[in-house]
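Labels for the chains are A, B and C, by order of writing; each one numbers its residues from 1.
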Amino acid sequence: MFSRLIFYFASPMRLHALAGRLVRPLLWLALALALPGLWLALVVTPADAVQGEGYRLLYVHVPAAWMSMFVYLLMAFWSFVGLVWHTRASAMLAHALAPTGAVFALLSLVTGAFWGQPMWGTWWVWDARLSSSLLLFFLYLGYLALLRANEDSARADRACAVLALLGAVNLPVIYFSVRWWNTLHQGASLSPGKASMAPEMLTALLLMIGAAWAYTAATAFKRVQLIIAEREAQARWLQQLQDDLNQSDDGGAALPAADLEASRA
Amino acid sequence: MSGEARLGVPAGGVRSPVELIDPARQIDVAAPAWAPTLRAVARREWLTAVRRPGDLLWHAGFFVMVAALFPLSLRPDPATLLLLGPGVLWVAALLAVLLATGRLFHDDLKSGWLDQCVLASAAAGVPLALIVAARMAVQWLLAAGPVLAVAPLVALQFGLNAAALGVLLAGLALGSAVLVALASVAAALAAGLRGAALLTMLMVLPMAAPVLVFGALAVHAAQGGAPAGAELSLLGAMLAAAALVCPVLGALALRSATEA
Amino acid sequence: MTIPGAVSGRGQGGSGALLTVVKLVGERQGLRLWGPLGFELMPGRAVHVQGPNGCGKTTLLRTLAGLRRPALGEVRLPVPCWFIGHATPLAEDLGAFANLRLWLDLAGAAAVADAGLHAWLRHWSLPTERPVRQLSAGQRRKLALAPLTLAARPLWLLDEPFDALDQAGCAWLAQAAAAHLAGGGALLLSSHQALPEGFPPCEPWWLGARGARKAAAVAEAA
């Protein structure tokens, strides 16, 4: 059932239509989740005993970090689908997701820096989470650079798919290695505090994560619409020609020449 | 005109096309053993590099130079050197290996040799991944060999003791193989594009971080007298995974490069 | 008007055909180059693909060889073939003999003896050990075409083979092509120039806007 759904929307035309219908509702959903989430985060939840008001950056930092990782895994998933089943729409979805993921990675870096500054007095700490976010940001940059450098769209799709898969396979290794490195050197660590999370904090966090997810989906669909529109010229005539050829049983014509008989040896 | 004008080919060396497609004769031209194909790929890589020994020396020289830049820019007292040594050596080795592998497939794509490789793999039934793996193996020898040869001298400059040096060499041998595998895939992805060398580096650097971390940690541990077995076996595991995954991905990348 | 060659081979399941093409369409950067094509290349048939620059001759040859996936349709290549592209797949730093030996080994023709390679190089007075990058363009083109006679295969796909080739080289290629066709092979080459003297007669095929229009007209008439 799920695979049938994927293949149904593998046609860029249908994906374009679906995306068009979903962008607006998803943006509203993001807003609907973000407003109560922010209200809870900024107003309702008490300030942390140790970190004061500054810890509220957590409510932006954690969703951004999680989404940046989740988006990369999603890109890898669509890349895998595209490579195995040769669907062009999945590659376009991966391309559409990449910039949003990169923005979230950058956001998690910046918010992490602002969060750590009051505590540690410096604008950057080499803890496990920030360091792996930095590496993830560079993975995104590599993907976007490869996408930019390729002019041929077919090669761009496959090359970026391979890169996304390679990066996804490396991602757990990167996280593991950075964590190992950090614990051995007993460096700084950013965490919400030793106390267990109050329910309002958890709710706020979940709402913000939901809002980030909806926003990601909305921007990805909007972007995929643009990508499909860019490539639409090819899709249309190709689809038309395919339908024509399927209907006519003609195997296509040999290229004729004016004087074929005369030139035959 | 007579049919069989073959220039200078001894009798029995070549068969006529009709025989080749005659099913009754069952002459199998399209599926010989894999060994000649893989050997040809490896030998070409090796011979081309050996004809330019300057390049090999330059890999070693680059390694020495980068490693020398760090003490020059910092305090060269023994304590600092001891602290910096493993990291500096690993970063320099990483850069040297990445630089060497950056343009691995670029010239072959332009000259049409990659086309022939793809066609030969289809005709002979050799998986393209194996051809890529053969090239990665030879490239490892060419990129890591000079670095490993010169590493003891540079390690002396940083005051590494014998145990740490041994761990450094073992770690470099394993880690450079992983780096060559990753960089080969990146080179295949970027082959023929503008700014290929820089693009390759950008793609590989985040993925090279684990190798760097584990390799440097291993040498740190050996410096302090602790066993480095855990980190080295992690490097070995990464090499095993890379040896399986990277040739397949590299073959995919090469196919998309030749299709363009 | 139907084209006899195109119709007669169809429907026989491609028996004996060295190359079968069904509903093939080629595109580049989103624009249609040529197609839809359907034909069978029988033994002894030679085709000369012509057309203006940029009409897709190289794309067609690469699609037929299997390097490039067609936008639509399929190519069936049941026999081994030699695809010699526009560029010369030679390692610049290696000598002529080493290049030929490696190429033949790669392509599965390792059985060809070294003596044959040396004799071929002697015939054309090509230095065996000097780096290929020091040879002239014509000499490199001869080297690139060497496998055609050193290791026989039923189908030849040649992209601009006469580029930089001198008269002796063209005569040799003509002779080799004639022998190949007489022996039951097939040949499809592309060249934007006219064929040199003495080359066996080939069916001319035209690519480009004119060809596409003609192909559509024939498809309607058929």
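As a convention for this text, a residue touches a chain if its C-beta (ideal position, glycine included) is under 8 Å from a C-beta of that chain, and two chains touch if they have at least 3 such contacts.
In this text, all values refer to a predicted model and were calculated from it rather than measured experimentally.
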| item | value |
| --- | --- |
| Overall pattern in which the protein chains touch one another (line/ring/star/complete/other) | complete |
| Chain pair, A-C or B-C, that carries the greater number of C-beta contacts | B-C |
| Centroid comparison with chain C (C-alpha atoms), farthest chain | A |
| Distance from chain C to chain B - Cα centre to Cα centre, in angstrom | 33 |
| Where chain A and chain C are represented by their mean Cα positions, the distance between them in whole Å | 44 |
| Numbers and ranges of chain A residues touching at least 2 other chains | 152 |
| Set of chain B residues in contact with two or more other chains | 259 |
| Residue numbers of chain C (touch at least two other chains) | none |
| Complex interface listing, chain B residues touching chain A | 182, 185-186, 189-190, 193-195, 199, 202-203, 205-207, 209-210, 213-214, 217, 238, 241, 245-246, 249, 252-253, 255-257, 259-260 |
| In the complex with chain C, residue positions of chain A that touch it | 151-153, 231, 233-234, 237-238, 241-242, 245, 248, 250-257, 259-261, 263-265 |
| Residues of chain A touching chain B in the complex | 83, 135-136, 138-139, 141-142, 145-146, 149-150, 152, 154-155, 158-159, 162-163, 165-167, 169-170, 173-174, 176-178, 180-181, 184 |
| Of all residues in chain B, those that touch chain C in their complex | 1, 3-10, 13-18, 20-21, 29-32, 36-37, 39-41, 43-44, 47-48, 51-52, 107-108, 110-113, 115-120, 122-124, 258-259 |
| Partner chain B, residues of chain C touching it in the complex | 16, 18, 43, 62, 65-69, 79-80, 83, 85-94, 98, 101-103, 105-108, 110-113, 115-116, 119-120, 122-123, 131, 149-154, 172, 175-176, 178-180, 182-185 |
